[in-house]
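Input: structures, listed below.
Note that chain A is present in both complexes that follow, paired respectively with chain B and with chain C.
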Partner chain A sequence: MIRGELGFLLRGIVGVNVLLGLVLLTVYGHDLPSLLGVLAARSPQLLFGSARLAEFGGGFSANILISLAAMALAMVAGTLLGNGLISPSLAIKGPCAAAMNVLRNSPWLVILYAMLYLLPFEFRLFGHSFNFSPFLKAVVGLSLPIAANFAEIFRGGVNSIPSGQWESARALGYRRVQILRHIVIPQSIPLMIPNIMSLYAALFIGTSLVVVTGTSDVLSVTRTIIATEGERIATGLYIYVLALFFIFCFPIAVASRWLELRLQSRA
Partner chain B sequence: MSDANPAILTFTDVWKSYGDSEVLKGISLTVRERAVVCIIGPSGSGKSTLLRCANGLVPIDSGTIRVGRFEVEKLKTERSLVPLRHEIAMVFQQYNLFPHRTVLQNIMMAPVQVLREDKSAVRDRALALLAKVHLADKAKAYPGELSGGQQQRVAIARALAMQPRIILFDEVTAALDPEMVSEVLTVIRELAQDGMTCILVTHEMRFAEELADEVFFTDRGVIVEHGPPRTLFHQPQDPRLQSFLKKIL
Partner chain C sequence: MMLLGLDFGWLADPLYIRWLINGTLMTILISVVGMAAAGAVGVAGAAVIHLRVPVLHDLARLLVELFRNTPPLVQLFFLYFMLSDMGLSFTDAAGRSIPLFGGFTCVVLSLGLYNGAVAVEIIRSGITAVPRQTIEGARSLGYSRAQIFREIELPMALRLTMPAMTNNIVSLIKTSAQASLIAVADVMYYASQIMLENFRNLEVMLVIWIIYLLIASGFAGAARMVEHLLRIPGFGSQS
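The block that comes next holds the complex of A and B.
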């Protein structure tokens, strides 16, 4: 089965890039070679934020870093929130459900703008003061809706374990927290993984929104390049960025689909 | 013979309802140490609920339940129920083994994680129990690789690993293919002969007749009739029991 998915992955990547190439050809015609020259020359800047490869952390690499940091933060916060969602106490469950629903149903861009104004310029922690850089604001802003989605995946995973598991564990003297830790969560993690991967892919696409925070992500770099090279290059440049996102996200989508199929065939 | 033994489990006027439906309506019964007791009756008569009240899985509305030195209805917190679960184990119709752990781990988990017993001692005990249920060669297998009858025997070994004084069996052969029923019943028979107190909810009438010291017939939340299997099965008094036996035998 993994072979079929690998073939699908290769066909997808080649096919979509050929398609994007054809679009470029139609739009630019005879100018295509010169456009490709510009794209090649600007590639280090688009990928890493600067012309020198030694510097890392801008351009497309910033999108990757932001997505990883936001995902890590969201998984910690989402696990806490998810534990609240499955709490037997209504006093805990209610506020957690409210927070989860608000965050899950808010446009990400709105949350990002809100973070720009809500988060202070700097904050103090353990006697040190830290700057809330645009990068950090982007990470926090994106992690909020992702945490809410992660909490919902966590809740769904825990609830999909049959009640007989709880009952037999109780009969063996396990307490609620022990049942979750030793019996229910270990069984539900494999069920959650495909959903977590899809969530990460969605988050990665969402990192294109952080341009509003002023981080030097791939879209900020793109806009700078258009400003210097002229509007003529814009279409080609955006198609290039599109291809970058696709090449990064598509394998994740394929892998999560493969895992899901494998889970279904086991059950 | 078991009349001489002290009572180990006593229900006194136990009531339980789920919303509007009354499941147990004044159940009183006594089980003596080392006895084998079978509970029979039509489905929905409250048999399974009765078992779940005995080990505190289901809280009761009124009445009292004594298990050894425990006053079950007074144990409200999870922590206070742990010693009771050490005393009274349970085996389920659907086995409910933990599918992510091997057979040996299934048996060892609760004594190590709940009772905090020494791992190597528990391991020796678990291996001995596996041999006892005739599955010594399956220690490293996962539950999903076993037949229903084998899984149920592992579940019995898992219950025994808690070193309980009473085991509750909730229709443990009802989900099994006919050819696997006897291998599970054999294990229960051996347990009973070893002197374990067993309370079985069952539809295996022949097994109940052979093994039970006392049989209780429940219908619509009350114990309609009880007595030694010989009298209960061959000279039933109550018309409800008579018609039940006619249907099932």
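The block that comes next holds the complex of A and C.
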């Protein structure tokens, strides 16, 4: 089965890039060589945010960093929220479910803007003051809806464990927290992994929105380049950015599909 | 009007209220047209892939993967620049030249492509859930492959996948907020106009947040009603 998925992955990557190349050719025609020259010269800037490769943290690499940080934050917050969702006490479950529904139904752009204005410029922790940079605000803003989705995945994973596991553990004298920690959650983690991977891919796609917070992500860099090189280059640049995102996200999507198929065939 | 130290006094201004209403209507219009486009793309794509139409089948699969795995925002910018580069325009009755692909068209196209690509996968997964016996029965009654798709697989798949489609509709409404970034006058765009005037950034954003929640839950509620009406008895969860 892994053979088939690998072939699909390669065909997809080659096919989509050929397709994008054809679009470039039809849009630019004879200007294509000069456009490719500009794209090649601007590649370090698009990928790393500066002309020198030594620096890291701008351009496409900023999108990767933001997605990793937001995912880490969202997994912590989402686990807490998910534990609230499966709580037997309605006083905990109700507010958690409400928060999850609100976060899942709000546009990410609105949450990002709201965080931009809600979070202070700096905050104090243990006597030190930290700056809330646009980068950090983007991370917090993106992690909120992802945390809500993560909580839902967590609940789904825990609920898919047969109730017999709960009953037999209870018969052995385990307490609720112990059952969750030692029996149910360890078994549900493999079930959650395909969904978590899809969620990460969705988050990575969402990092394109951080352009509104003023971080130097790949779209901000693209806009700067368009401003200096002229609008003629815009279509080519956006095709380049589409290809970047596709090459990053498509393997994750294929891997998560493969894992899910494997889980299904094992069940 | 003060609330928790936030100043909502600007909500009393009739101009701002009119802006918010116009923007909300625009967002709803974009969402409805975008849903129609996404539905059309979804059905057409699923048909081409399921019936294995030569050449188009491979192209459709590539396009579905491309649109599902790239940011709708980049797709929107790309469409906006490419279509305005091509400079297609038509002349209206007053003799003015109007670009054929304005911001609105680009937003609807990009939503139709992104959420349409998701819809293709949803419909295809629904088709696999149609029982084999039903299809064998249709074949023995002399239905052709296209007829089976049109009259049995597609209607059943659409009814079976309504919950996933509801999620897709909510996602489309949420994604439509990026229309403001190419200056289409939706509710998000008017919000930034209001913020430019009164600097009540946080308050305006909270109001916009609530408006989006209301729009999304309205559409989700309607979709759930349709889902309930169209449910196939004896299929799936009976909640």
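The working rule: the second predicted complex is superposed on the first by the 267 of 267 C-alpha atoms of A that agree within 3 Å, B and C clash if a C-alpha of one lies under 4 Å from a C-alpha of the other, contacts with A are read in each partner's own complex, and residues count from 1 in each chain.
Definition applied: a residue touches a chain if its C-beta (ideal position, glycine included) is under 8 Å from a C-beta of that chain, and two chains touch if they have at least 3 such contacts.
Here the structure is a predicted model, which is why all the values come from computation and not from measurement.
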*In the superposed arrangement, does chain B or chain C reach more residues of chain A?*
C
*Please work out whether A:Ser168 is in contact with chain B alone, chain C alone, both, or neither, and reply first, second, both or neither.*
first
*Could you say whether A:Ser208 touches chain B, chain C, both of them, or neither, answering first, second, both or neither?*
second
*Which superposed partner A:Gln178 touches (first chain B, second chain C, both, neither)*: first
*Answer with first, second, both or neither: which of chain B and chain C does A:Gly15 touch in the superposed model?*
second
*Check whether A:Ala72 is in contact with chain B, with chain C, with both or with neither, and answer first, second, both or neither.*
neither
*So, does A:Gln187 touch the first partner chain B, the second partner chain C, both, or neither?*
first
*Over in the complex, which chain B residues touch chain A? Could you list them?*
55, 57, 78-79, 81-82, 85-86, 89-90, 92, 94, 96-100, 109-110, 113-115, 155, 158-159, 162
*Taking the complex as given, what residues does chain A use to touch chain B?*
164-165, 167-176, 178, 182-183, 186-187
*In the complex of these two chains, what residues of chain C are touching chain A?*
58-59, 62-63, 65-66, 68-75, 77-78, 81-82, 85-86, 170, 173-178, 180-181, 188, 201-202, 205-206, 208-209, 212-213, 216-217, 220
*Residues of chain A touching chain C in their complex?*
12, 15-16, 19-20, 23, 27, 102, 105-111, 113-114, 116-118, 201, 205-209, 211-212, 219, 231-232, 234-235, 238-239, 241-242, 245-246, 249-250, 253
